[in-house]
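Two complexes, one shared chain (chain A), two partners (chain B, chain C).
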Partner chain A sequence: MGPVLDVVLSTGFLAAILGVSTPYVLAALGGLLAERAGVPNIALEGSMLSAACTGALVAGYSGSVWAGAVCGIAAGALLALLLGVLHLYLGADAIIAGIGLNLLAAGATSYTVFALLGDKGGTSRLHSGALPSVRLPLIEDIPGVGAVLSGQNVLTWAALAATPVVAWLLYRTRFGFHLRAVGEHPEAARSVGIHVHRVQFRALALSGALAGAAGVFLSMGAVSFFVTGMTAGRGYIALAAVFLGALRPCGVFLAALGFGTAEALAVQLGNLDVPSQLVSAIPYVFTLLALAFFAWRRRRASRTDAAPAPLAGPAVLESP
Partner chain B sequence: MTSTLEPAAEQQGRPETQGRREFLATRRRTVVVELTMTVLTVAVAVLIAFLVVLATGKDAGGALDALLTGPLERTPRIGRWLADATTLSLLGLSVAIPFRARQISLGAEGQVYAGALASALVAINLHLPPVAAVLVPLGAAALAGGALGAVPGVMKARLGANEIVATLMLNAVVVRVFDYLLTDHLKAPGSSAVQSAPVRPDSALPLLSDFFQVPLDQANIGLFGMLAVAAAVWFLLARTPLGYRIRITGSNPDFARYGGLDVPRTIEWSFVIGGALAGLAGAHLALGIYGGLQPDMAGGLAFEGIVVALLGRNNPVGVVAAALLYSYLRVGGDVMEQQTDVGSDAVTIIQAVIVLLVTARALPELVKRYLARREAR
Partner chain C sequence: MDKIRILGAVAALSLTLAACGVSTDSDSTESGKSGKLRIKFVINGNLGDRSFFDSAYAGLKKTEKDLGYSLKVVELGSDRTKWSSGFEDAASGDDYDVLAAGTVDTVGFISKLAPEYPDKKFWLFDGSVDYTGRSGCSNKCANVYSVTFKQNEAAYLAGFLADKLVAAKALPGGAGNEKVGVIGGVQIPVIEDFVVGFKAGFKAAGGNPSSGVLVQYVGGDNPFGDPAKGKQIASAMYGQGAELVWPVAGSSGLGAFESAVAAKRYTFGVDSDQFKTLTDASQRQTVVTSILKNAGNALYLAAKANKAGTLAYGKPAAVGLAENGVGYVDNTNFDKLVPAAVRTELEAQAAKVKSGAVKVPSAF
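Right, the complex of A and B next:
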């Protein structure tokens, strides 16, 4: 266990956790907003992927990383709005439409990259650059803490800031109040004059923008190029973090951090004699157990209330 | 047979025949409408991709030609088409059964790997007599897939846990365990690539090219197995009590519950059977296509099974037809990429548009209303 402990306790590892967790935190907060507004956003994956691709391409061709980041985030929001149109106006099932949009993002990104650069793998021959990392002049001199906090990417700081901002938005603003009302009981919300679809559209736009920021971090923060399919299922994991975090900003943040920690651990242990795949599987096993436990507790609570428990048809299939 | 209430039928004197004829006519009309809608959906999707290719300034005509006629030009391509359709049909059927019970299972990916792993473990290590050498690994694959399907099934049916999250998590776990076992324990000694030892020749699914004496790539008797499975799924859904329970649970869960059906048990079975079929798809990959285990051997196939199930309207015959159509486009996409400078990802776009068009249920209604308004002017 000696070398493992050395790795886990090193400051480099703690810094890596923050980096690896960034896309999970951003995307999961996005998933949270949509879920609380009553639209399960399974298109997080697609938003991330299209944002990662758009960001790198725009940055590469325009020469400005900030233009790339803005366009990437806008692309993520656009895909989520498309989900809104399909689900809210065209009667599409949110889950199936989300899967369709994820496919669309996968196809469209690699088609575009191939059409523009003639390379199926990604944009590595395009010099798109990365968003800057933030150095903290005084803090970086503090032993231990400095090495962890200083030198993190702008978007990592954005992810850390996004958690309280999303919490404030949800619980302290009029919009957040409407959002939760719409998600909990759309008919009731409508009856008191809340424009249900408008609120859901805004929630989806924010959700897609946050997922977009997560995607931009992948192609312009962690590395400085886009790789086809580089999200590698992170959007789905973020969705799991939404549920594992019990639909609350703080819980979602911790859950996303947990997934990030396990992934960072798997990477760091890769060169030691520990099966990294099994280490990285731990959070998923844990999520499964937590899912079963919460469901069991809810079922027991509803039984004591003598309320009819939903047996068939997931809530997500009933359109609001 | 309620047509005795209709005066016209009574006058004819043979109300049953009359009513039955009307019923059959209605059903035929529904089938025609559904088929037209499906063909229209695919045509619109291909058209959109065609426009995308045109807009990006490529040889759109040549690309479309390669996409639509390429797969039939050479027999190995036909073989690849049939082999691909076999896997996709099994995956489509595996998704369609829980769909019929109104359960969204995204667990096919994990179940494919579990099925591939189980069948390959048996086929590499056990020495069995000829026919059993094929059937036992297939059984192991179905068992592994079914067992994996049971986990989210029980969680959903008994605890009400969200099956989408459960299946996604299970996928993530199984894929990692598969990778671990393959790289650390099953990697063939002396091989530089990460892949398992080949399955025993007795266990490999016999190739169709040996029967027909024409090169058909990896197409194998799994094709006929798949057709038998599709027929069995049709029989299950249309002619057995369990199939009836699955359909009622899906179309009206409240009615099912008040009617005294064991809804949780039905949901569990829909997951288990779906999982077993996905396991068989994994066995087809391991014993028929690759002859062993490889990393990332399912690719994105599991999610494409969802497309096929949707396009086939969760109906066994429809699913097989949709799989044949869809894998035709996949093979055509590869030909297109080889012969022109248009990437095969255009096919993924076609697929995505198909999903979106099929799930946008209000779209036909909106189009109809729009056309009616234009006519009124």
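Right, the complex of A and C next:
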């Protein structure tokens, strides 16, 4: 256990957690917005992938990482809007259309990369660069904390900031109120004059943009190039975090952080004498345990709510 | 409403299929009449990996000029669900004499198709069919030539070199650590063969592989195309005291080179000379050597033997160091980073492996 504890308590591990969690947090918050607006956005993976590809390509050709990041995020939003068109206007099933869009993103990105660079593997020959890391002049001198917080990518900070922003948007703004109303009961929302589709479109655009930021982090933060299929299922894991987090910004953030921690732990433990299959199962075991825990808590909560009612009800009525 | 819903879904899906559909690249179509032997190279993936398939393609391409073959390439893409039908389509045409395919993933397809088309020849590289007739081929694969690579032999030399370099603290600017790391894509026999060979070589050079060799696998949904994870693993290895890291994980490995630059440490390449193929100058400087599986050379030799009528169908073949089927790269960077004494020792080991004096353990 000694070496395991050393690893887990090291500042490098804590710093790695933040980096690994960044795409999960961003994409999961995106998934949350769409889900709360009543449109399951299973195309998070596709948004991430197209954003990762667009970001690296634009940055490589324009020479500006910021132009790349903006275009990448826009590409993510665009894919989500396409889901909106297919689902809201054409009436396609959101899940089927979402899967279709994920496949479209996989095919279109590798095709585009090949058409532009003649390379089917990725954009590594294009020196697209990465978004800058943020150094914190005073904090980086604090032992322990400095090594964890300083030097993180700017998008990692964006992910940390996005959680309160999304919470504020959902619970403190008129738009958020409409968004939740549309998600809860579209007919009721329509009856009071809310333009349901318009709200859902905006939610999807934001959702895709957040997933896009997650994709941009992968190709312009975690590494500095795009490789076909490099999102490797992270969009689906983010979707799991949306539900694991009970559809609340804070919960979703913690769930995504949990997935990031499990993955970072798997990476660190892989070098110790732990079987690789066991290590790679960690994130999934974590999901199952968390889901079981939440189900158990909900059941206990509903039991304690329900149990006193039949007993207390008549007793109160009969006694004068 | 239902019609529209279906239409929407169909539109989305058909766009996708168009985008990642099977592409056929016909290099020559008229060859059947001219009496040339026609090779059809069916790729369960895509060209452009700048390593394995590209090497095979280069070797086959060379047979056109040197040996008078004609070549047709069919790329099936990375979607496994399309491979089976892709192979059946490719085999059913009458536009080929030899069907070439690679990797263990295609063994099942070849075993099924070879008995169905007994007049055709099948070349399988980096995988072997079952010639006993107990499983797979019903005709004991009498028309199949399969060749595997003794990657364990080349990996043995990599392990030997790695230990010599770290033990002598020979790498300039190194931190004096005595560990090295190997990143595998996923724990399957062909990757394990690299790991087993590497550890054996590390031990033969005097190192202790159980404490000195860190091994980890990328795994997940896309083990050979997840560079972010490859980079995390490499960073963790450098953080735990690895002096050099050897990624054997396709495109995931590209992340490891970025990590090496950040950590100011070293790497080995795999499958192609990554000192040449990497485009970033600072990443290239980290590549001490690359371990090669020379698929192109193996196929070229097969084509040559086939033309002479000496190619051994119906039994498995394996090429190693002695046949130049696998090897390591000795280039200017190798010259710069590897001390002359270590080079001499390495060359002596290579000679021993070639002559059979050293038997390298295998994962198969």
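Throughout what follows, the second predicted complex is superposed on the first by the 282 of 320 C-alpha atoms of A that agree within 3 Å, B and C clash if a C-alpha of one lies under 4 Å from a C-alpha of the other, contacts with A are read in each partner's own complex, and residues count from 1 in each chain.
What we mean here is this: a residue touches a chain if its C-beta (ideal position, glycine included) is under 8 Å from a C-beta of that chain, and two chains touch if they have at least 3 such contacts.
No experiment lies behind these values; they were computed from the predicted model shown.
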item: Partner chain in contact with A:64 - chain B first, chain C second, else both or neither; value: neither
item: Which of chain B and chain C A:92 touches, first, second, both or neither; value: both
item: Chain B versus chain C as contact partner of A:120, first or second or both or neither; value: both
item: Chain B versus chain C as contact partner of A:11, first or second or both or neither; value: neither
item: Chain B versus chain C as contact partner of A:296, first or second or both or neither; value: first
item: Contacts of A:133 with chain B and chain C, given as first, second, both or neither; value: neither
item: Which superposed partner A:224 touches (first chain B, second chain C, both, neither); value: second
item: Touching partner for A:233 - first (chain B), second (chain C), both, neither; value: both
item: Touching partner for A:268 - first (chain B), second (chain C), both, neither; value: second
item: Chain B and chain C footprints on chain A, overlapping residues; value: 86, 90-93, 96-97, 100-101, 103-104, 106-108, 110-111, 114, 118, 120, 233, 277, 280
item: Chain C-facing residues of chain A, complex; value: 7, 10, 12, 16, 19-20, 23, 86-87, 90-93, 96-97, 100-101, 103-104, 106-108, 110-111, 114, 118-122, 124-125, 127, 218, 222-225, 227-230, 232-233, 263-264, 267-268, 270-271, 276-277, 280
item: Chain A-touching residues of chain C, taken from the complex the two chains share; value: 1, 4-9, 11-13, 15-21, 46-50, 78, 181, 187, 214-217, 219-222, 225-229, 231-233, 235-237, 239-240, 251, 254-255, 258, 278-280
item: Of all residues in chain A, those that touch chain B in their complex; value: 40, 42, 86, 89-93, 95-97, 99-104, 106-108, 110-111, 114-115, 118, 120, 233, 236-237, 239-240, 243, 275, 277-278, 280-281, 284-285, 287-288, 291-292, 294-296, 298-299, 309-314, 316-317
item: Residues of chain B defined as touching chain A within the complex; value: 52, 56, 58, 101-104, 106, 151, 155-157, 159-166, 168-170, 172-173, 176-177, 179-180, 183-184, 249-250, 253, 256-257, 263-264, 267, 300, 303, 306-307, 310, 341, 343, 345-349, 351-353, 355-356, 358-363, 366
